[in-house]
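One structure is given below, encoded as structure tokens.
Per-chain numbering from 1; labels A, B, C and D assigned in written order.
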Amino acid sequence: MSIQEQTKLAKGNLLGGIPANGAVPDTGISLVDENKEAADDRFYYATQWQLIRWRFRRHKLAMIALTLLLILYFLAIFAEFFSPYTEQTRFDGYQQGPPVAIHIMGAQGLQRPFVYGRTKKLNQKTFKYDFTNDTTKVFPIRFFVRGEEYKFWGIWRTNLHFFGTGKGAPPILLFGGDQLGRDLFSRTIYGSRVSLSIGLIGVALSFILGIVLGGLSGYLGGVVDEVIQRTIDFLISIPQLPFWMALSAALPREWPVIKTYFAITLILSVVGWAGLARVVRGKLLALREEDYALAAQAAGASQPRIIFRHLLPGFTSHLIVSLTLAIPGAILGETALSFLGLGMQPPAVSWGVLLKDAQDLVAIAQQPWRLIPALFVIGAVLLFNFVGDGLRDAADPYSA
Amino acid sequence: MRKVRFLSLLAVVVLLLAACGGGESAPAAEQPAAVEATAAPATGAVTETTSTTDTAAAAPAADAGAKEAPALAELVKAGKLPPLDERLPKEPFVVGPGVLLSKEDLPNWTPGQYGGTINTAHSVADWAPDVFVMLNEPLLQAPGLSVQDIKGNVLKSFEVNADNTEFTFHLREGLKWSDGEPVTTADVKFVYENVYGNEKISPTGPPARFRNGFDPAGEPGKLAITDDYNFKMTFTKPYGGFLRNLTIEGWNGYTELIRPSHFLKQFHADFAKADELKALLAKANLKDEWWQLYTQNDCQNWNDTADRCIGFPTLNPWLSVKSQSTGVKTFERNPYYWKVDTDGKQLPYVDKIVSVQVEDVEMVNQRVLTGDIDYLRESTGLVKVPLYKENEEKAGFNTVLLDMHVDASALFLNETFKDETWRKLVRDIRFRQALSMALNRQEFIDSIYYSFAALPLTSVGDENSKYDVAKANALLDEVGMKEKDADGFRMGPDGKPFAILLEHGAHAPDLQPSAELVAAQLKEVGIKVNVKRIDSTLWGSRNTANELQATVFWTHDQGWDSGYTGGIFDITAPDWALWHTSNGKKGEEPPAWAKQAWDLDVKRWSSVSGSDEYNKLKEEGYAWSRTNLPVIQIVEGVKYAMIANKKLQNVPQAGFAIAANFAGEQLWYGQ
Amino acid sequence: MLAYIARRLLMLIPILVLISMVSFFVIQLPPGDWVSTYIMNLRTSGINLSDQEADRLTAMYGFDQPEYVQYLKWMQGILTKGDFGYSFQWGKPVNDLLRERLPLTLAVSIFALFVSWLIAIPIGIYSATHPYSLVDYIATFLGFIGLATPGFLLAYILAWIFFRYFNFSTMGLFSTAFLDSPWSWAKFADMLKHLILPIIIIGLPGAGSTIRVMRANLMDELKKQYVITARAKGLSELTLLFKYPVRLAFNPLFSTIGWLLPAIFSGEVLVSIVLSLPSIGPLLLRATLAQDMYLTGSIVLILSTLTVLGSLISDIYLAWSDPRIRYEGTSK
Amino acid sequence: MANSQDVLVEVQDLQVHFHLHEGVVRAVDDVSFTIHQGQTLGVIGESGSGKSVSAQSIMGIVPSPPAKQIGGKIFMHLSDNGTGYRVVNLSELPPKGNEFRAIRGKEIGMIFQEPMTSFSPVHTIGDQIMEAILLHIPNVSKKEARERTIEILRRVGIPKAERRVDNYSHQFSGGMRQRAMIAMALSCNPKLLIADEPTTALDVTIEAQILELLKDLQQEFNMAIMYISHDLAVVGGVADEVMVMYLGLVMEHASAEEVFENPLHPYTQALWRSIPKIDGDLSRLKPISGTLPSPFAVHKGCPFFSRCDDRIVGVCDMARPPLVEVKPGHKVRCYLYTEQGKG
């Protein structure tokens, strides 16, 4: 018997000659720590998500962005504590005032950071407010200071603030004051609570709907596909503007502003799934013809199992990109709606509301500090995008 | 720059025309290059003008002789327009010092020169408010917005009988519509009998101003036509206020009584030929609803800036013409305008008004700063004053701070809101006083009005407008709101949690911060106020449906000193107002103190404006407001920033800003 | 293929009917109608109309009829005469308003799309073929900034800069000097000057996302085996890039071209409001706020129809370009 | 050493490194081999052994970055108009340059492991094959190229080739796709065909057909084949010479017969033992112990040391064993066959 015949038969019995090494592609590239057997084992048996996590950690920009985002969320969660004042506290004499300067050089030379009190006077010539520091008395900045009383998460009553000048002392307005003399820094922190959370729920709901319906449409085809597709066409083609207006007028009027806004966000997410569903369907159409789907089918896997277990991971990276675009999209959407006067409205505080306040040539020309909340919006959106980019690269099994 | 050259061009052209005896016809605007070379030396010939000294002498000698605008003179020469004396009425309205604006507001009125364009902007769809006021011509007139010293305007003159029931009016003989047709009592008759008298067009008959006592349910006055230029209106009860109702008050125009019947008859079934009307109806996609066709083609004064009214015959200083660009409104001088200055020159001085549509008021201000706006009032903001001031030299405009014709924000508490506890509470004057005293008005003035406002001493009075938290708290304790919840908010008198839902619209930029500040300040006396901004239309319908519990809005009639009386209840107690307008058939009967307000109104409407009796009643009205506090006025005397090109002359220095618009025909461009 | 297109066209009919109904009825959900809005606006300007006057206007404009009758009349006008009804707010036929503003809107939108693709696609391709290079980082960062900055804010800031440094009013379509002059080359040039800023601002977020999408798609495609196969054939890198992966990477872009319209449109609304462009966006916003129902309904209907047609065209393109879909019917 | 006349490709001391985030992978380390005209070189190795990278280096399609050729030369003997021949050092040519592109696809064809994805889904099979013909064969019209495509498709056993030429890849079965792939690689009569695991993704009967086809075509076109596989048995069936690679190093290099009948390297032996024999009992089957070390590891000694049954502690882990020619044409990299090992 020739070698060839021997080996042919042999192969019939056992696929492949050498134990294959996990899912490592044949490029000679793999990723593990040096010389660590334990690490090697871990690598070979790592699940897809563990792999994503490890790869993500290597993405420096994404890690920095994630850290900053977490800090933002942390500040938002503990807004009452981190902001020196409540979002509604007014300081007479600080209306439209620039940020309060922090000094370290006092009369006695270098000392702990402090602020001066100041007085406001309308300049009769320029009609601008002139602010003069009263340098006779210094007010040191303290950490964990007792200041204005507030209800933490609406539950505990306390007056502890992360920093401040203490009760009765002239305020420290890091970002300056607004029209009514409220602390823009505190308002920005309070506003982040609404702005950062508002998108999450709607986006989450949109995503579940989009993936499920898009998945069914793409995999099942036929009548289901047709119905879902036409529904998508319909939903996508209707401008959202008139709907917002109709809905904001039709919701119960007793609801507070935030509740109304959340309600509309939720309702719109029911519309928002359409775009994603279309993408999911398109990808599935391409993938379901691929061998592994057929293989799974042949192996008797149930349809939903095939879709969600075998096909979905095939375009996770695309979903993640969509997701990371959707959340900042919601943040931007909130500002756009506030701009049109359809979103959040004062006295509620959100970044959109603060941005609306800053949409003023006077702000741009003469009081640029009022644009600081805009930096937060841009920053948050950028951070989400960086994180999304990192996730995309990490989720891509072929990335280096 | 551009304007200087343009004006000097005009001067040159006028000079040339004078020299050549009008042989040459060269429209100034069309051949700028040709004349430019001679422009510079010619400018020197024009007498230097200084705005502070007596500028009457400044009018260039050359055009002193010309009584009409050069462009019109051209048309006359070309035979396309009748000569000036045929276009002017026999007795034109003469504008001079203290006529359109009082001498206090405009101390140095000067006769002007022709020419120039006023560039402005508007932000409402198909509606340019600044221009509307400039165009508007009421039947009768008094300087500024005053109703104190009423004289003829479109109507030449009038007589009133002793008991204020019979009014005799005289039209200006020779007065012409902008298409050259004469204005006669036929036009009056048409409006009164065929428009107000036609139940298809006016199912409810003549408006309230033509009814006894300005009462929507009152008996309509009777019109008697004497001849082509004289007619009488007779009422069954004294209605001295009728005259006021024919002035600018309420932004009325002459269309209330005079419309171009020669033009409108073609749409009116009583006059039009059946087949012609049918053709017009078919063109408008209508079957036989001719009254719809009529209304679509009729223009009342507030339609004058609408695109659809281009070509409609008017008596306004400028006429709406088709513009060259989308979103731009252009107005050109009316060759048949019936006002002249003291030199006999036909008004208006300014050739053209161009108003550009803006979507965002903020950006109008950018256009102001670049010097692209010559006149602006409606879209300015007090908050922008520092920005205006910083750029006015460079862009060549003046920022004039004048009075606002409405009193900015007031806190309205709905006394007929459908909630028993609330009603009992809010009808207790002590509650209203407490809220009034809890408001730190100085903070409103500082934060929202940049100190350009005053305490509401006229309508609220010294005591109630004084910021006094202790007294407010004491009063609130007194009315049964002693109990407080864990957060320090007062419970209602019924022991239940208490909160005021304050819904406000977005009609003006100060409403929202005012509402916020009201809520924040009332919190300090333990009153919980939930603020919600709603769409302006929604606000309107909720107000009409008596669904607003509380709101901030402005009170309207500062300009026309009708005081804080009956009209207040439209917002602060819609059900009482409904009871009143429906003669007790609908709504809820108001208490005696509220009825007093309407009684005062009726009395005032029957007295002649400006009379001692009238002024006494006016004071009584304010006193009534101070005693009863039907509305918690927050500030009074708010200022209004007005932008005017530095070269514009006859711009008032005091008084109401909007009065400057109203006197637009006497504005002119100096050097 | 033809059958597919025919079937899709047929499916359009019920969708358009549904859209027309929604666009007519949903916008009338809020309380009040155009007359009440109109009266409110007059009141804001100090003109108080009596209730009788309000009733008269209501009856005159036919608001006292049931809504479905109004709807049927409106649809009848559109279908039989191409007449989209009457705008109460502007006092003229909707058709006139659309004729005035639709061309500009489409021109600006298409230009913005064109400009954003012109910028974004080459950058996206470069970024994907040179990942993690300096240019890639800069392009990615700029793309992100384009995505992250609210357009209206950018419009304000740029408008201010234009004023501050060029003393140029970006507002509207024309400079003051040309507002009331007839069309001329100078006026046209002036209009173009005013359009640069809106086109950039409207196109920017699109460019940002196109860079991202293009880069991601192309990087995915570049890793595919067929690219290596093609390279093994000896194709030049450029031919290879454009014949294979770029073409495939375009597909996701083209497949969303239909929805770009609403996306660009919503960007256009905000920017047009800030810069006061006489386009459809501000018209729709005003009409919706004023409950000018025929105008709102017509704009929504037209935009929706364009979007539906856009996505139909995308689908047909996709089906045509991807044989897996093209032969979907036959291969099974 | 074979007559230089029939040498086609000569690879000398090829070194390719991958510069990755985690470190450097020595994907190909000091590899030398020769491919003779009309002969088949089989390359055997596990994933990461460097066999594919070696082939890609010849082809000039190593993904770079991260890969970088550190050293070595790749000589290609090209015939000039059938008379003389010239030698080109491929590793000196810019891989994206015209000269290399003229060789790639023309002189060297390549077929890949995944027939599913090797074709663009949006172009017809014919279009993609024609492209190579139009590119490399001068003065050929589109029509001729098409005819040639149909011809070659027919030759690789595609039924109704004149119709299938306009099909898309998704309309082909896996085996058909691989046949089309072969057709594409052969469309310009290359001197060398690199087959990188061409049958791994196919089932056994198809695999046999493809192998048979390759053998037939080799004869017909008189081309050399570099056949890469992890499957010893398959290589045994096609190769004249076999090279065994492990972690970038050549472990054993000999004629096919020698490798199968007299495998010298413990690794080759281990590979051989892990395949069931038709006459042997299954108890003799033995997988290789341990796992593949990290590719980033720098091995002072023999990289197979940790898994070797015959390792000599103190020798094998101290320095890399040299590649020694044990008998003519049979080279092995193991201390067992050197003085140190024997001692």
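Here, contacts are C-beta pairs under 8 Å (C-beta built on N, C-alpha and C of every residue); 3 or more make two chains touch, one makes a residue touch a chain.
Source: prediction; values computed, not measured.
Distance from each chain's C-alpha mean to the overall C-alpha mean is smallest for C. Each chain gets a centre from the mean of its Cα atoms; the one farthest from the centre of chain B is D. Annotation: 54 Å between the Cα-based centres of chain C and chain D. One simple way to say how far apart two chains are is to compare their mean CA positions; for chain A and chain D this gives 49 Å. Spacing of chain B relative to chain C, judged by their CA centroids, is 39 angstrom.
Across the assembly, chain D contributes 170 as residues in contact with two or more other chains. Residue positions 362, 366, 369, 535, 538 of chain B are each in touch with at least two other chains. The residues of chain C that reach two or more other chains are 30-31, 156, 160, 273, 289, 322, 324, listed in rising order.
Only residues 30-32, 36-37, 39-48, 50-53, 55-56, 59-60, 77, 81, 83, 89-92, 100-101, 104, 156, 159-160, 163, 167-183, 272-278, 282, 286, 289-291 of chain C touch chain B when the two sit together in their complex.
Partner chain B is touched in their complex by these residues of chain A: 88, 90, 92, 95, 122, 125-128, 151, 179-181, 245, 248-249, 253-254, 256-257, 341, 345-347, 359-362, 365-366. Those residues of chain B that touch chain A in the shared complex are 362, 365-366, 369, 383-387, 389-390, 443, 446-448, 450-451, 487, 501, 503, 506, 512-513, 516-517, 519-520, 530-535, 538. Within the complex formed with chain A, the chain C residues making contact are 11, 14-15, 18-19, 22-23, 26-27, 29-31, 140, 144-145, 147-150, 152-153, 156-157, 160, 164, 209, 212-213, 216, 220, 223, 252, 255-256, 258-259, 262, 265-266, 269-270, 273, 284-285, 288-289, 296, 300, 303-305, 307-308, 311, 318, 322, 324-325, 328. Residues 224-226, 228-237, 243-244, 247-248, 321-324, 327, 331 of chain C are the ones touching chain D in the complex.
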